[in-house]
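The letters A, B, C and D name the chains in turn, as written, and every chain counts its residues from 1.
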């Protein structure tokens, strides 16, 4: 079954669901899966609807055009997308390759519905790993004083690749604020701590020093405020006194891989809706 | 805000959600929360809708009457209930009081939206615990050869109490098949293992002997087939080699309390829909 | 079997375990359970040994006297205690009673090997709950400007009760620094967040605002630095977008109860060894 | 620091730990890490001791020789091994490659202290994946009526490779009983269910039908009784009503990878001690 996905958020008001389902019914659409959430603290409405594409009487472009006036009236942010039109993503990595390897494996196994358009790295370490999968590998090193130029190159790669989503898979360079703004809601990072604990550098060392009994990882959208973006997913694992910093790094890798893979998967299937600092995630 | 809850399951067909939301809109109902699930393997549809009671233009009885023909046409099993009309429950217990104490505490704290109409026990141990909360306590002992008589008494208590739900909170007598049939979908049990592992007696001892690394508890509806009823919730905890059977009993109690409390809470708020051996749980 | 417990920490050096086990063997002691940990990052040694009391040829006082010179030579902090000599504890509570009720229940069920000498509260709410268990209840209210006097009273209760351990079971008054110092390592608190996230007030509200996907609770020793004391245990539970602040409070209560109960149990059985900001916990 | 590991199990008796630590002290050994466990239900003693190799005054072979009489007297099963002498392992795989890929990645990352001597598969699918890591790949297909011959070949590969451990990484052929006997305690399997639930074929399908709310994976030693061998590790993940069998397969893969990787790691570092159907695992 092919699916067409409507994703929509707007201020809450009476009868929203009925109006949207009526619109779909009007065009013959058979609903396969409906998620709805009303955040009454924020007065905001969120929905995701999966329609059987075959039942729709209009082609995609026309469906969007017909939906536009209703969406405008509702003051909505929305997308309508065919599941089969996979998003294009660019992976960014530095010297720790566990998330990269994990994402590549899941992508080949069909767990991540996307095309990987390119991998960008500030080191050469993973060229072979990437190129043997038939994916273009771009080495953009950082030399002092030329950070701006590097990011200009990087954004060009993103744009040329037609990227819908950028995934920072343990990429250790800070994305400049203007890039964050232009790509808002389209850059996902994995932070190696259970945010908001241990914002910034060396979280595992600091977790060891603080003596926490659980360590974690956080998958979040990137915003100009470092490690402050909306959270998609978090994962934790028990830490015990006999785990030194090296052990925490090892245990943490499993958290990082899982939190990132889930967050990316949900984004790719239009299951994440943003509202300020919070996300609505219709998990699968 | 007061809520009216529609809970419905029926064979899947096109346009179900639109028809039901349209019916609600027709009667002025403002939807607060909608859950929908289509089980495509089984070809079955499930929904739960919470409507703001104040926006409905009909009283409850009339709303039900108006809904009847639609429901009949859809071949649906359904209820419409006001959240404020709390279900009445009867708790059953033997000699282990941790689930009883936990449920009583949660009930007083407002976590379990119900009235506790009575507690039935086959021992006297918890009379004080129960009566000091103002709840009637019935001691129905089991003497050899008089099991049938005892269960006749028990069913009379259930009926007299106007019970909507029976909760077996570590009740160690097996409910007779005819009672299971008459009260189908209205008796919840907590089994002290991670089903289908260790069906039957002494699960912790058998878990120890098998050397499992996680133990658990299962909250399920009671059916004539022992420990085979539809599962509402399960909880697990790590077991290590240094845990002897006594330790497993202790650790397991925490699983039992949580799995039972969650299952009961979800039933009480119309969040559990049954289909054969499976449950659909719209968690909160 | 009765047990005598040696708990010891000291700077690491060669042959520590052999020397201590030799001392025990010399006095006829049969070891039932031995835990040892060397923190090589800190250069520190930790051990807990459970000896069958019946096999020891010396009474407790004399065993301690004989052990003293060895311990002094090792520069050790240590205790030798008979498990049967239960610690005496004082519980402190404000207006949220879930941890109090949970600890009382576990104590009656034999999960917490201690005597509860008294409960101190700054409100009257739980007098009946406490007194019907035969435990003295002290109401020490806080009136503006008389905080010091209140804590003088409180410390007198602790001292008169012969308290080995103070447990803050959702006690919402900040313990003054001098009390923290005098009772160092003998006051356990439950904080209603996954520390170091959300230090201070209203953690659930702040967790909701930050949109975290897991919430938690932290059981820690109290030090003059608020919420900065060594952590004994942490527990987490998943939070989803549909959980409002009230839901987080409800879910968090289960984390709080479990983390506190485990931390207290481990302290009561000499399973927690302190070193700076970190704890070594030989779990059971 | 180089380590020498003593692993020992024997019937329990007084003074075991003192005698063994005394033996080590006699030969100059500095203990870095000691684990001990007495199973009082079974009357059995288990220990693992890590000694700093540099402090030992005897070479390995001589240390073993000196230890022999003591071990014989204690009726012990034991090994003494230098951590630096990595075990050699052979991986077995069929058509599902997630565990294979995961183990290869962890091995390269240094998480699995071993040499991978060979990979054996009954299909050609992963030849490239394996050979590009410089590991020999053996394709041993199964043709009807020639199962015995295939396993003769397989055992020859194991023997020629000098294998210390065989890892069945989703290998879908049943190991014949005689092979199980000859390689007892040296074959580790991952079963794709939370044993003892769903022994045998199609566990995810059966988990879906039973409607369990958690699914899992079990890492265990292989014995002639299918899926009945001693368990090293188990992992679980939540399943909800909206997960169909395909989803369970996907979620289960993460459990399988983790449970297998941990079990193998612990075996490779002499952290697993067997006793009948149970394992003692001194986790790291």
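The rule we apply is simple: a residue touches a chain if its C-beta (ideal position, glycine included) is under 8 Å from a C-beta of that chain, and two chains touch if they have at least 3 such contacts.
Everything numeric in this text was worked out from a predicted model, so none of it was measured.
Among the other chains, the CA centroid farthest from that of chain C is the one of A. Rotation angle relating chain A to chain D: 180°, from a CA superposition, given to the nearest 5.
Between the CA-based centres of chain B and chain C the separation comes to 36 Å, rounded to the whole angstrom.
Centre-to-centre spacing of chain A and chain C amounts to 41 Å, using the average Cα coordinate of each chain.
Shown for chain C are the residues that touch two or more other chains, namely 37, 40, 242. Partner chain A is touched in their complex by these residues of chain D: 98, 101-102, 105, 109, 111, 132, 242-243, 247, 250, 253-254, 258, 284. The residues of chain A lying in touch with chain B in their complex are 14-18, 21-22, 24-25, 30-38, 40, 55. Across the complex, chain A is touched by residues 37, 39-41, 46, 194-198, 208-214, 216, 230-234, 236, 240-242, 244-245, 277-281, 283 of chain C.
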